[in-house]
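In the two assemblies presented below, subunit A is common to both, partnered first by subunit B and then by subunit C.
And now, the complex of A and B:
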């Protein structure tokens, strides 16, 4: 089987499908999206669905802000109830030094149009009455943050792009990318060859591997992060609750289940998507410290996904120096879903040679050569 | 008020009583069977618990779900999105359509929870309120080292546990239900076959004997415990008495059985649409009839046997429908229900269930040779129970978690683990037996359990006279059929999937038998 497309997008997650959607909206529909498994097999189908604008770097705040606005309209665009619930994000701090940083963060966020607030522990408890605030020093809260149901977003995009005439090929694994000089010629898959000169690398935890196939180098490293879901309850928890120092996040979905995860600082890098006993114990113990009444609640599933991490915990966007028309949209380090609408739009603009809606120059892979790095401090889970 | 109730009570009894077979006495107002031609329901003391402010009668040994069913309750919970009524279905803790709040704890599967005097039971739909008080367990959990975990207390698990324990292993057997014996304890029919120890014996009796033997040889039995997950290095998590215990094991026999298949048709989620296994549990274990008029879907062995059991329990089986052009089960069972006057309609399917809150009838329809429904052949069947006997699928989630390699084998009911003749999966020290290894029947399950228990013991300790003989004897009763061959995955050699048939099984001719050399590890140098 040999086919030809104007562009091949590798990765059937939110950013691959979202980029296809924005290309399609501009009439560029001779596109194939390929995924080695089912849609959302990677991090897009394994994350907690958080949409947060409370970031510490200007790029991320802007990206998140614009993306949140786009999420607000996405139901209508995708003709799907995406269960976007803006119950806010409550960020807890457990030490004075961090609390001081929080004040600075809020200032920066406010300046960029994100209406976050700095709260006392008592004010935080008003938002989550069950919260144990005995060790909480301060908190920040932003009402327009929230959660969304990731699978509905993915399938909403997939349904719309298929209607536009874009081909979405599941269970099609990319084995190699053939280049001549600095030009892409073919994408070789286990289902046959695809002729194209444009490739989008939206492969999440597998992005480094894909880049290598095209002869490019990106510094991304996959790291397992684990997550769980409990039995459903009537809504009692409005916001997503997170803590950077504890590495925990949890929220309640529209279906009533508590969804949450916790990061393991000692996690070995590599592709591993199995649930661990470490997580089971660590998450449940930490959750009980935050909300003791959770001890009556049963966890019903745990699973894991991959953070596609970069040295500065910021995404890699745009082209690479080694190969022409090889676009990166990866390295999201655990927050690829929440910024997806804007980065997908910008990636589509870059492919079509249009002026990008947001300047993403500083998120190019070349930043690592120039050592111009500002690390994002607001990573959780 | 009480007088009126009693009169009504008695009237209903006369009005509804329609015993099909002699010696069956039904107390229809509460749907408990008090006399049965074969079964003797050894009910314990009568007591009451509270259900949404009303007193509900139960007998010692009954589950909460059964007592409520006997009392006439049909809607147990609601579906999550559309809030449609959900009722009793699987009866063995697998489907979660019976969850309620028990003594303030929400999400309790009432079909695997024993009723207790004074208990407070409430429905909460799919989403209960977040517990008002801390009803939890705190952070307390136990970690224990054990030698062998056997998961599932049916014939396969019991046999595996017996063989390894009687050779001196420290064996722990886990089962979700309050009684061991798996599906055997629901089987009122006599087993037949070449194996002398089982032939002519009813399933319930075999089950009881195995349980007794397991206790005698020192198996540590854990009932009403849920094995939740498999973790690296043969650690399993178990919920026991409401708390989490982590068992660090050296070897595992997984005998988790099967899940009943469902069928797609309009309104198939109404209370009153039950799996045949659920009906058997309710009727033959708990002594409660599922309803008055049953439409049986499926005429395989399960369909015809359960139809006969329903007749034994005094329930009207209005019709058996079968999608195939011929009856799937053994003629000997089919003839029995035909003699009792039950029509069997082949080349028929169910189009929809009628009813709002529960089943009040069904529409059945003819299908042609291409399995297409024939327009204009729809007709209504009057029934209050639709019993689905449309096959089983191996319950293999645990084995997947353990990364055992799986393969789809239609003859075995779906995805099954690759395994050796000794029942070891592609994971060393993890064995499988019974329906989880492929849908067969109870004798095969018991023999597979015997092999697995002996082989795991040899794997962990050493070969003994007893393990050698147990394996030999069990293998004599089975005819292994190689259905799939994988290349050697590791140094453990070939992993054929074997379909074990009981010797003399009538269906043997349907599958070609490969020479036994194929099972010995060719191509694995």
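And now, the complex of A and C:
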């Protein structure tokens, strides 16, 4: 079986499908989205659904700010209840030095139009009355942050792009990308060959492998991050609560479940999506320290997903030097969902040769050779 | 007559048939679209029933329907119990 498309998007996660959606909206519908499994098998279907604009780098703040605005209208656009709940993000600090950085972060965020606030521990407790603030030094809060149900977004995009005439091919694994010189000729899959000259690499934790197939190099490394969910309860927690120093995040979904995770600084890189008992112990210890009243709450399920990490924890977007029309939209380092609407829109614009809505030149893979790297300090989990 | 298939998440046979008609035609997709099997029993009751409905509606084989991963724990566990584990018990 041989087919031909104007573009092939590899990865049926939020960024692959979102890019297809923005291409389709502009009438560019001779597109195939391929995924080796079901839609959302990767990080898009394994994350905590956090939508945060409180970042420390200008690029991430702008992308997250514009994306949050787009998420607010996405229910209507996708004709799907996405369960976007804007209960805010409460970021806790446990030491003076970090609290000083928080002040600077808030200044930068405010300057860029994100209305975050610097709070005392007592003010943080007003937002989460159950919070143990004995060691909390300061906090920041932004009301328009929140959480969303990732699968509704993924399925919403998939349903709309199919209506537009874009083909979504699940259980179709890319085996190779054939090039001649610096031009793409074909994408070879386990279901047959697809002729195309344009490929989008939205493969998350598998992005490096895909890039290699086309003869390009990106520095992304997949790293496991674990997560769990409790039984659903009536709402008692408004915001997502996070701490960079503890690596923990937890929130209550609109459905009522507490969803949360904690990072393991010693995690070995590699494709591993298994849950561990170590994680449950570590998460429970830390969670009960933050909110002792959680002690009787039952967790019901744990799983894991991959952060597609880059050396500066910022995404890789746009074209690569080695191959023409090979667009990267990967390396999100754990925050690919929350910036997806704007990033997807810009990727569609690049593919069509239009002026991008936001300048993303600093996020090109070439930054690792040519430009100064500014590391994003606000990664959690 | 309404038949409840997933008691934890209150999902009926009609809900499942409607979702299949919309294209959620694998167990993995039904699970995520409807939260089928995502409640406290973790699908022990509803997934075999949903598999039967999916087979009836689509004619798919067991392999084609997919088999969602059984996630730990097998039954709900409180955070206080998890926190009481010794470090030596959770070494990876």
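Observations on the model:
In this section, the second predicted complex is superposed on the first by the 380 of 381 C-alpha atoms of A that agree within 3 Å, B and C clash if a C-alpha of one lies under 4 Å from a C-alpha of the other, contacts with A are read in each partner's own complex, and residues count from 1 in each chain.
FYI, a contact is a pair of C-beta atoms (placed from the backbone, for glycine too) under 8 Å apart; a residue touches a chain by one contact, two chains touch by 3 or more.
Just so it is clear, the model here is predicted, and its values are computed rather than measured.
After superposition onto subunit A, the partners subunit B and subunit C occupy overlapping space and clash.
Of the two partner chains placed by the overlay, only subunit C lies in contact with A:38; subunit B stays clear of it. In the superposition on chain A, A:288 makes contact with both subunit B and subunit C.
Of the two partner chains placed by superposition, only subunit C is touched by A:303; subunit B is not.
Within the superposed three-chain model, A:134 lies out of touch with both subunit B and subunit C [touch as defined at top]. By the touch criterion stated above, A:234 is placed in contact with subunit B alone, subunit C being left untouched. In the superposed three-chain model, the partner touching more residues of subunit A is C, compared with the other of subunit B and subunit C.
After overlaying the two complexes on the shared chain, residue contacts for A:255 are found with subunit B and with subunit C alike. Judged by the touch definition given at the top, the superposed model places A:155 against subunit C, while subunit B stays out of reach.
With both structures placed on the common chain, the touch criterion links A:276 to subunit B and to subunit C. Once the two complexes are overlaid on chain A, the subunit A residues touched by subunit B in the first and by subunit C in the second are 231-232, 255, 275-277, 280-281, 284-285, 288, 294-298, 302. Of all the residues in subunit B, the ones that touch subunit A in their complex are 80-81, 105-107, 126-131, 133-139, 141, 229, 231-232, 235, 237, 246, 403.
Taken together, the subunit A residues at the contact with subunit C in this complex read 38-41, 45, 151, 155, 159, 162, 229, 231-232, 255, 275-278, 280-281, 283-285, 287-288, 294-303. On the side of subunit A, the complex with subunit B involves touching residues 130, 231-234, 236, 255-256, 274-277, 280-281, 284-285, 288, 292-298, 302.
Subunit C meets subunit A in the complex at residues 22-24, 26, 28-29, 32-33, 35, 38-40, 42, 66, 69, 71-73, 76-80, 82-83, 85, 87, 89-92.
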